[in-house]
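Dropping the structures in below, format is structure tokens.
Each of the next two complexes has subunit A plus one other chain: subunit B in the first, subunit C in the second.
== the complex of A and B ==
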């Protein structure tokens, strides 16, 4: 317990006229928090934090005083006197993280169906790299090992979903190490990272090794060939960008079969850029479990659609139609699983709506006017950086405040 | 079902298991008067009462043993007849170390002579007189808040009251005292509602009941049938539906202004048990010496509801329920969400003891907690639309100005945020800590200003 802090006297110490000791009961802790007692931590003996110290010290002093006065109690009954509430739900960090893994299952299955062993290789390598980096760094820094809480696995899987199926092994390992090392542990571990760790890794990889990160293979090749002799192809967004640069107008869009985008079984792109339907399934599951809310996915996707519609309406020969933007690239992966990352998105509903809109606008502009064909990763990482600002700006209207606005 | 679409509720809230099936049937049992009662003089919000009896003095049931000190205070009465054994500090069920009067029973359990009356026409009395009877009967909010009732019933003239809401929600898990009270003493509940309406001059009376008590809803609907001024409001089962601000919003869709009172909206709210106590006082002259309380939890052999005397030690009621089972964890005065863990079994039932809950060790929350992962569950659960995640971080790091900017004093400490937190953060505890620290800082500032003012007044004396 907090023996390093100065013991403070209990709020109302027993006086000389104290009554006889309680029958069959021993004072195990100081008065629980009413208005008078310290709200602190003797109530939660495990807590080491500052709020906890004074109360714990008070408890020790009080216990000693009692012992002096009364001698040891005859029959020991230890009551836990903690602060309310005295019951909690069975939600936990591992439960959330493994649920997210489960939600990714349909999209992972589609990826494996499309890209076979290549997909398995990328998924396994990035996940392993994340887990090893997490455990290694925590060990190195003398922190508590939390590698089993599932968060590193989520990062690994999500990173894999952003990589091309033909990504070389060293990209996968390096990506996993960057995600956990630079994206997460550098900031203090889970809950302290301002940016989505998987996306930080992807962005570093994309900037540093653009060729490896934009070399795509056609679905159906990876079952036998592991990394060699894959027939490369361009992703739909890549094609669009190329055409725009070379010809100043787009034709590829009219040839793109929409069905491919939705089912994703014949889609060229990253592991997680294949099937919109599979991604949606997992997203709906997370929504049902209450681990994400509709705000970010809906505002993100709707904003991309709306901005795309606006530009398309202005010049359909130059700008792709909104549906093309929705079903290609990593929009659904990003909107459902990346932008909704609890740690790095706003906590309030209105904040989430603004965050999603920002992601949507940035995504469209990077795709259409930026140097890169895809903008989802950059957009989310940039908006991650804006989260503290958003939270400062929008707060929920507290009950009883600004009643005229209610 | 059409019923559920029409259920009233508030924004936010959580759904903990209600755990009421252990005790929501059967009867309220009258607990035998105990051989010894320990009666704290501070059982209400406001100034503690002044003890007016002496050691070894003979007292009768209903006799005043401590008088109210000031307007926001309530007198305390002997709950059994006998001899004053001891006057001194002891632990109360609030966990506080307060002055208590210990009375040893003489076995007669006799009321004070001339105390009891029968006034069938008590509603004819002028409101001021009824209010005084309620004050002298020591009645405070029996829902757990223990605010002296006569204060609530004395709204200033510029705040006319149009609606009285009786709180029969009982949203705390486990507790069933109000539920059984409404079933067994429904007529008195309705009489209490009419009494409060008469005292404050309200035209409308509403009884709010959570939908998990359909029998109570039906019963009170039958009893209010034919009176257009009264109605029963069925409410969604959600915690904290019975919070004062939440119930007012659910029933009226209006919000009590921050820092304000229900009377600012022309509303007075009382617990159903308080209403019954008021009727007992006004009609029969009975001061508050007993209350209905639920003794329950996984750690109790035979959970049940009691009509028990104020001052009965917790341990005695637990014995009446067949004692403890399993590994003992926490004994709580009240429910699991807002109740107070007591330090010993010798603490007495007080006016605010709506239940005695014994939780087994395995049921208790873990001691360790993690950093906030900003999942937002607390934000969505908060019934007053705060950002508990931010409050918890700022409380932990003692950032008092940030706490105030996040409206810390609007927190009702319902515990919804701590309940849902996947990181198991003791959010409410951090908030309580923050509130106390802010108040302490304010006091220090006032003290400094006073000292400066005093120094400025007194001419300097050369040292």
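== the complex of A and C ==
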């Protein structure tokens, strides 16, 4: 616990008044009696660190001890019944958020490589809109400004990854404002939002402006023309749906080069629907840092694969093979970065597995039978709404209670 | 209560839609356009005034145990009359509103006012109450309809207001848009109230201060020790 890299500010020196040890069990350490001083000092990392910084460790502690013994026992013993958490780690919201940004970097680089300035434009506009909305609304409501904690930036980047590279400027700006305004601040800010803000914005945009949100540009032309005359094409899932509706069978699937989906350099779709490998790289980094667990991505992706395999096995002429479903669309982006959002996913492992399975089933059914070609955003938002129910269902047994059910 | 207060409480302080959140079904379903909204509002207003009046007239003759079925019967008859009248004179609007006109029977506002006001007050006061509540309902549902139509279709009462460059936000004419807009309107109303309350507090404070100044001639009031 006494870690040198503790980012939390050191607690007040004991002489300043009521000692507030971070650990509730240490309240017995009585500063007034004096004999408990050495252990108390050892348990106070903040005071120690301060002393070390000033380069007069010994003198300082002596002084403190003297003061403790001599000082008038005005506020002799204040028992602080502090609530949990009693153990402070060096994690913080900015650290988590900027790590997520870093994890998104490979996918962002691929997107910029594929779509050039168009991708840069979309990323910059949505992020700027998110940051400005966050700061503006917090100011308006008289709350503390937390715009630098990176959470609005993550929302902006994630939203940009779900948008098509040819999205007009007003879609980007409005999307950012909706994500933070409707998706986050209306509910009370970070950690109070029941739904993923980026996905709420995407769903609102997709329902409101379906044409703008499903016009895709071909990759590899963004660096030359940042304008209107881009060559558009259909996304793989859009093609599949079109063929299903028009011909009742799918041929486009068999012609789809799988390598494109994995590398993503020639993939048509949103910014974040390009390279599975790049997304996986960032996802593994998050997993390594412990900000996500394997439960949701694995259960989500495996469920999509399993359901797709089932339907494909029944009628290969009508349903796309499982690999096609896995490497097209926003499945990996959603499964790795959005379904795993700490605020909006269940907290227990079993809950996360159920959550991922629900997302997977919904994604497949919306893709195959729904009105929209892609179902990842709808599926995750719907399952976000079901999180309270899931958590009720898988609530762990309280230690010492209900022993027979264990 | 004064009659003017009875009339105005439904408009703002006890607005049935945005304050008491009553009768949400037609509010959310019919407010897709300003025209539909005002049609629904006026139909409800007519039923509300008539039902409040009749119920206040017969309130003493109805035993308390069977009052709810009796009220519902009276309301249903009035709604049927309004339904037929709309079919006769406002056929197109009647077609658009469809099922929601007969559903006025089960609108909470109407039974709520019957129980809460008409069953305890005179016939004339009940008419005034029905008028105030009905106007409050009409105004709020029409405001909601205007906002949704403007954003979702670029027009108000079918008149295009925003140019061709405006891409309508389809969500606003779909059910989620109704919830979003309703919440925003209710929040705006509360915000206005908070601002008014704050202003009233400052005014009262100033008045008190002036009265004190007058009484003491501007000199500070000597406080007993310990009261600083």
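As a convention for this text, the second predicted complex is superposed on the first by the 308 of 406 C-alpha atoms of A that agree within 3 Å, B and C clash if a C-alpha of one lies under 4 Å from a C-alpha of the other, contacts with A are read in each partner's own complex, and residues count from 1 in each chain.
Operating definition for what follows: contacts are C-beta pairs under 8 Å (C-beta built on N, C-alpha and C of every residue); 3 or more make two chains touch, one makes a residue touch a chain.
From a predicted model like this one, the values you see are computed outputs, not experimental measurements.
In the superposed pair of complexes, A:212 makes contact with subunit C only, with no contact to subunit B. In the superposition on chain A, A:289 makes contact with neither subunit B nor subunit C. Judged by the touch definition given at the top, the superposed model places A:395 against subunit B, while subunit C stays out of reach.
In the superposition on chain A, A:77 makes contact with subunit B only, while subunit C stays out of contact range.
Look at A:348: by the touch rule set out above, it reaches subunit B but stays clear of subunit C. Within the superposed three-chain model, A:182 lies in touch with subunit C and out of touch with subunit B [touch as defined at top]. Measured by the number of subunit A residues touched, the leading partner among subunit B and subunit C is B.
Residues of subunit B that touch subunit A in their complex: 11, 14, 16, 86, 88-91, 94-98, 100, 102, 173, 245, 249, 255-260, 315, 328-332, 336-346, 357, 359, 361, 363-377, 379-380, 383-387, 389-390, 395-398, 406-407, 410, 413, 415, 418-424, 426, 428-430, 432-433, 436. Against subunit B, in their complex, subunit A makes its touches with residues 10-15, 17-19, 22-34, 36-41, 43-47, 49-51, 77-89, 91-93, 95-96, 189-192, 290-291, 293, 342-345, 347-348, 391, 395-401, 403, 406. Touching subunit C in their complex are the following residues of subunit A: 170, 182, 186, 204, 207-210, 212. Of all residues in subunit C, only 167-172, 174, 176, 180, 183 touch subunit A in the complex they form.
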